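Here it is, the structure, as structure tokens.
Labels run A, B, C and D following the written order; every chain starts at residue 1.
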Amino acid sequence: MVIVIKKNATEEQIIEITNRLEDYGFDVHRSDGRQRTILGAIGVQHDFDTRKIKIMDGVADVYRITAPYKLASRSFQREDTQITIKDVVISSEKINMISGPCSIENEDQMFTLAETVAKSGAKILRGGAYKPRTSPYSFQGLGEEGLKLIRKAADEFGLIVITEILQIDQIDALTKYADILQVGARNMQNFALLKEIGKTRTPVMLKRGLSARIEEFLMSAEYVLANGNKEVFLCERGIRTFETMTRNTFDLSAIPVVHEKSHLPIFADPSHATGLRSQVPPMARAAVAAGADGLMIEIHNEPEKALSDGPQALLPDEYLDLMDELRMIAKAIGKEFA
Amino acid sequence: MVIVIKKNATEEQIIEITNRLEDYGFDVHRSDGRQRTILGAIGVQHDFDTRKIKIMDGVADVYRITAPYKLASRSFQREDTQITIKDVVISSEKINMISGPCSIENEDQMFTLAETVAKSGAKILRGGAYKPRTSPYSFQGLGEEGLKLIRKAADEFGLIVITEILQIDQIDALTKYADILQVGARNMQNFALLKEIGKTRTPVMLKRGLSARIEEFLMSAEYVLANGNKEVFLCERGIRTFETMTRNTFDLSAIPVVHEKSHLPIFADPSHATGLRSQVPPMARAAVAAGADGLMIEIHNEPEKALSDGPQALLPDEYLDLMDELRMIAKAIGKEFA
Amino acid sequence: MVIVIKKNATEEQIIEITNRLEDYGFDVHRSDGRQRTILGAIGVQHDFDTRKIKIMDGVADVYRITAPYKLASRSFQREDTQITIKDVVISSEKINMISGPCSIENEDQMFTLAETVAKSGAKILRGGAYKPRTSPYSFQGLGEEGLKLIRKAADEFGLIVITEILQIDQIDALTKYADILQVGARNMQNFALLKEIGKTRTPVMLKRGLSARIEEFLMSAEYVLANGNKEVFLCERGIRTFETMTRNTFDLSAIPVVHEKSHLPIFADPSHATGLRSQVPPMARAAVAAGADGLMIEIHNEPEKALSDGPQALLPDEYLDLMDELRMIAKAIGKEFA
Amino acid sequence: MVIVIKKNATEEQIIEITNRLEDYGFDVHRSDGRQRTILGAIGVQHDFDTRKIKIMDGVADVYRITAPYKLASRSFQREDTQITIKDVVISSEKINMISGPCSIENEDQMFTLAETVAKSGAKILRGGAYKPRTSPYSFQGLGEEGLKLIRKAADEFGLIVITEILQIDQIDALTKYADILQVGARNMQNFALLKEIGKTRTPVMLKRGLSARIEEFLMSAEYVLANGNKEVFLCERGIRTFETMTRNTFDLSAIPVVHEKSHLPIFADPSHATGLRSQVPPMARAAVAAGADGLMIEIHNEPEKALSDGPQALLPDEYLDLMDELRMIAKAIGKEFA
């Protein structure tokens, strides 16, 4: 931590600041320049609230110079994280595709779509049984009944299952039927939930919150990692900005930044980012080109009758065509799909 | 719902759109202008996904013309909501002050601060027993032990208690010790939690999410109301913007907007909005002047030793001075503190 | 324009609103639903301020249902705009590359870089002679001397020239030496400048403002078009959001949206969007994959000595390698570079 | 400037970074902690691009520890700036009110409104002769004819005149008729214009850009100051955020921050911030309570016929009532109106 002292600070103030820092357990190094005095405080705890120093008399500014996350950082672990689930390996080596409907609706739907997913070469089937809906009047998911359906469909076509968790008391049911737990954008800072998921050994995909800075995104991953679960990967799904012609602003620039700061794989979800079918293919292409380690794309055989998010679902044929293009883009940047 | 037809749409497309709307249960009125054809679709469900129509061929734009919330709206209930808790009345009539420490730390602290709160004329004591912390390495609250302390301190000084709920399984403990449940910004769209709180009959203060539009804020209130709990009030606490010199951007313009759209009282929290002690007084003054129905302000007797958010806590004397000023501002706009 | 009447509005209020609309020159169609009365107002001028109606008693909401821009819209012109400058054609047919240094610094630099640009197969040379700098203490450009240098270098290698205009009195010098005028992000709403450029017949590339909605971006293009200059193309260069780990948020989702709403070509500038050399290649790849009609990329032979923006400039070899990859991505999505 | 070295950086890299810093003219102090090496670089120029170091091998992060502005900073000048114009003093001592119509329309209008302004006790008359309009089809102002009208009306009622400048070639006309030049939000980073205004000796009110950080706001003031014009004051007028129910988000928290960082007075403009008449009074009250050094409020005698921004103009009587309330709020916080 670096403390910049105000130009007109008194010697007494500097001593008071130094003492306070030492009380908090820091080693303090003082550097008197021509214009400014600067204190370097070594040994900052990961959760130190820098405002404690910022509000002291004589302090101009305080800079934390270490990231507030540790286990999630590239400086803690240099090698990219690899997560192996049955025959699926999530990593920076190959691009994985997650696909399926927004909500699990019935057996026919799940089997039809699982077949499409398998046909496309993807290995991870998605589908929500517990749905977080903005409106209390909307379809809230089939619950455990849905979990059974997606498991059955996945097993039939040799796929693994990812599905969303909304609350702690769903952990037992979800870890029974699913291979990967998904934490949605609105729960990215539901710390109580993250803690409990951290105590399981089920891999988890953590989606970026609507207004989460990348640093906070990694801090939320830290919550899971710090509780013992090392099988975490991330998913960019659009952030909230002032733009109103798009549903969210798909922040693909987050991908190279996360790759630099962290060893965790990062996927991208163009379906939720754009919210409109016609915009999913260009943004899916862009996500692969930007270096995403995987994609999540929603599909539906009868989108106009879908119980949720039909307008952003690709039709099976559109999806299969898109996959062909995505493979070519992957090749162009020296990667390939799993 | 109003559907604007594209200039070059065919008659077949218009008929197809009309039929689809009727299938969804709408009455459709067609209006052919010189330049544009417009369809009015009457009878929209509160949760209808307008994108279902937007993606159809021939559609230029779709406008929902009714709010997606109902029970929270001024058109559903014209009179301002009044919430009576013991001798406290939360409403647009008088301004209520909530005050106390960020975290409940020990008996001495709670009794000292409760005494200050009572002395200031405020009637609602705050203090967190379960803390949502960005870092997994930070103090996470005293839990039920803390709840007992705040209850005891409040009873001693004739105050009522508000405290934050983080997860569903805390409802029993919290409703036993607290008079008002607080839902924090990060849980504003934790719909699972909102639903369960909606089933209690304990009043709830819902804080605005960091990136929540006012419409979504009211939708989250709707979740509680729709489940049967009518005792809801709101709290503006700063939104996330591009500005980095302030912690959040305190959106006081939300106050007159909420008053126009909804009958629910709205408080303001300058402590979390600004995050720095020196900025709390000017923003507290501004919140009262903007018409807030109440304020929440953090105080601490030894902020430098506080286990959380010390840098934004006012000292007891600063707080008492501020209250005097706030009363004068209230008077200037024809209101008074409860 | 659609006017939604409040539930409890009186008949007198509705008549008053109708009369006001007629005074403003609208044809009004009234539709009385079970729950709501709606007025359709036909004949809205492109610049009508809808707030004039919104503030009237009895009005719940007002929706403009036509875009505020006209000449820039796809409904005004269905075919994509093509801009021919010597042997260069800017259009949706082929992807054009603009490349060169941030600032024109000296003859050696311009000739070295122009040679690289030509070698890469690109046809448009960039370089700033008048620099808009955030700091008044920074290098402000070589002025007309610089214009002569870039023209000479471009002519030597068969390239055309794009350079930025900052103020009206530069139009004569710039149109003498440059083939394309660039309007920077900070001037996107410098309407005085846009008007004057609209009176020239020099093609113009308009960059998106840091906080410009797509609708406003198109409105600024409209300023140029409405003054008679039809040779306009756009450039996405990142928008301002809450994220601090990236310089801007590169809004690639704007590309398919602009293609849908407008006939104007849209380029992308990953150099300014990211501000860091290491992030330029992934974002350049993503921009091509997202469907950009062209790219603008900064290069420098000695970036550590560059007078501006060296840290975001690619080295000539990095740039040539990147071009090879971009050609492959273009091919993967069925396009090619000009 | 503080440079944090990567954990795994080599000694060669650290030496290379040190040499580069010395080449750029810095004195370098090295501090080797247990976990990290940190370099302090003393003597940073105000316009140094820190990315030049950030991209070097071995660098983890770079922190500028001095503000990029100088003349505008509180550490350069401790006393609040005072600007005296005839009998008006703009400063932190007393609150000044600027009032008048959005656009100058005709003599009757200007005289009627100037009379209201004078009656309210305000001393500064506003009115636009050159209008920056989002739409090229909107009223663009009366030009010099308008300047004559506002001057005449102001002289009649003993007021001084503020009016907006859009382009450099308007400086002569504007400095002839106006006492204060206003630079609008969209021109806050029109550096060419700021430079020329800096060469005049006419006081200038600089409005905050829609997406300007406070630091950039002060940098734009620096442009004027650095060119010799010391008579600068600022105006907060709302920033762009994700909220759509308000026109802008009025960032009142900027007021105490500017007061801390700079000696320049800061006004607030609730009319443009909110864009709706009904929201102007609560936000005007809040601005005074937050500590604004002045306010700018639009009024109109016939707002429904106003050529621009009528919906946000207060009627003369509303304005006079509001002024009474504002005086009481000022008193409550120990201030008074000029």
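The rule is short, and it goes like this: a residue touches a chain if its C-beta (ideal position, glycine included) is under 8 Å from a C-beta of that chain, and two chains touch if they have at least 3 such contacts.
Computed from a predicted model, the values in this text were never measured in an experiment.
Where the centre means the average of the CA atoms, what chain is farthest from chain C?
Chain B.
Same interface as A-C shows up in which of B-C, A-D or B-D, over half of contact pairs matched?
Selected pair, repeating A-C: B-D.
Given that chain A and chain B are copies of one sequence and touch, is their interface built from the same residue numbers on both sides (over half shared) or different ones?
Copies use mostly the same positions to touch.
How many angstrom lie between the centres of chain A and chain D, each centre taken as the mean Cα position?
About 38 Å, centre to centre.
Taking the mean of the C-alpha atoms as each chain's centre, how many Å separate chain C from chain D?
Measuring from centre to centre gives 26 Å for this pair.
Measure off the straight-line distance from the CA centroid of chain B to the CA centroid of chain D, and report it in whole Å.
Using C-alpha averages as centres, the distance is 31 Å.
List, in ascending order, every residue of chain C touching at least 2 other chains.
211, 240-242, 244, 278
Quick check: in the complex, which residue numbers of chain B touch chain C?
Answer in residue numbers: 2, 4, 6-8, 27, 29, 31, 33-36, 38, 40, 42-43, 60-61, 63, 65-66, 75, 78, 211, 240-242, 244.
Under the touch definition given earlier, write down the residues of chain B that touch chain D in their complex.
211, 213-215, 238-239, 241-246, 248-257, 260-261, 273-274, 278-279, 282-283, 285-291, 325, 328-329, 331-333
Along chain B, where are the residues that touch chain A in the complex?
Touching chain A from chain B are residues 20, 45-47, 49, 51-52, 54-55, 68, 130, 132-138, 166-169, 186-187, 189-195, 209-211, 216, 219, 222-223, 226-227, 240, 275-278, 304, 308-312.
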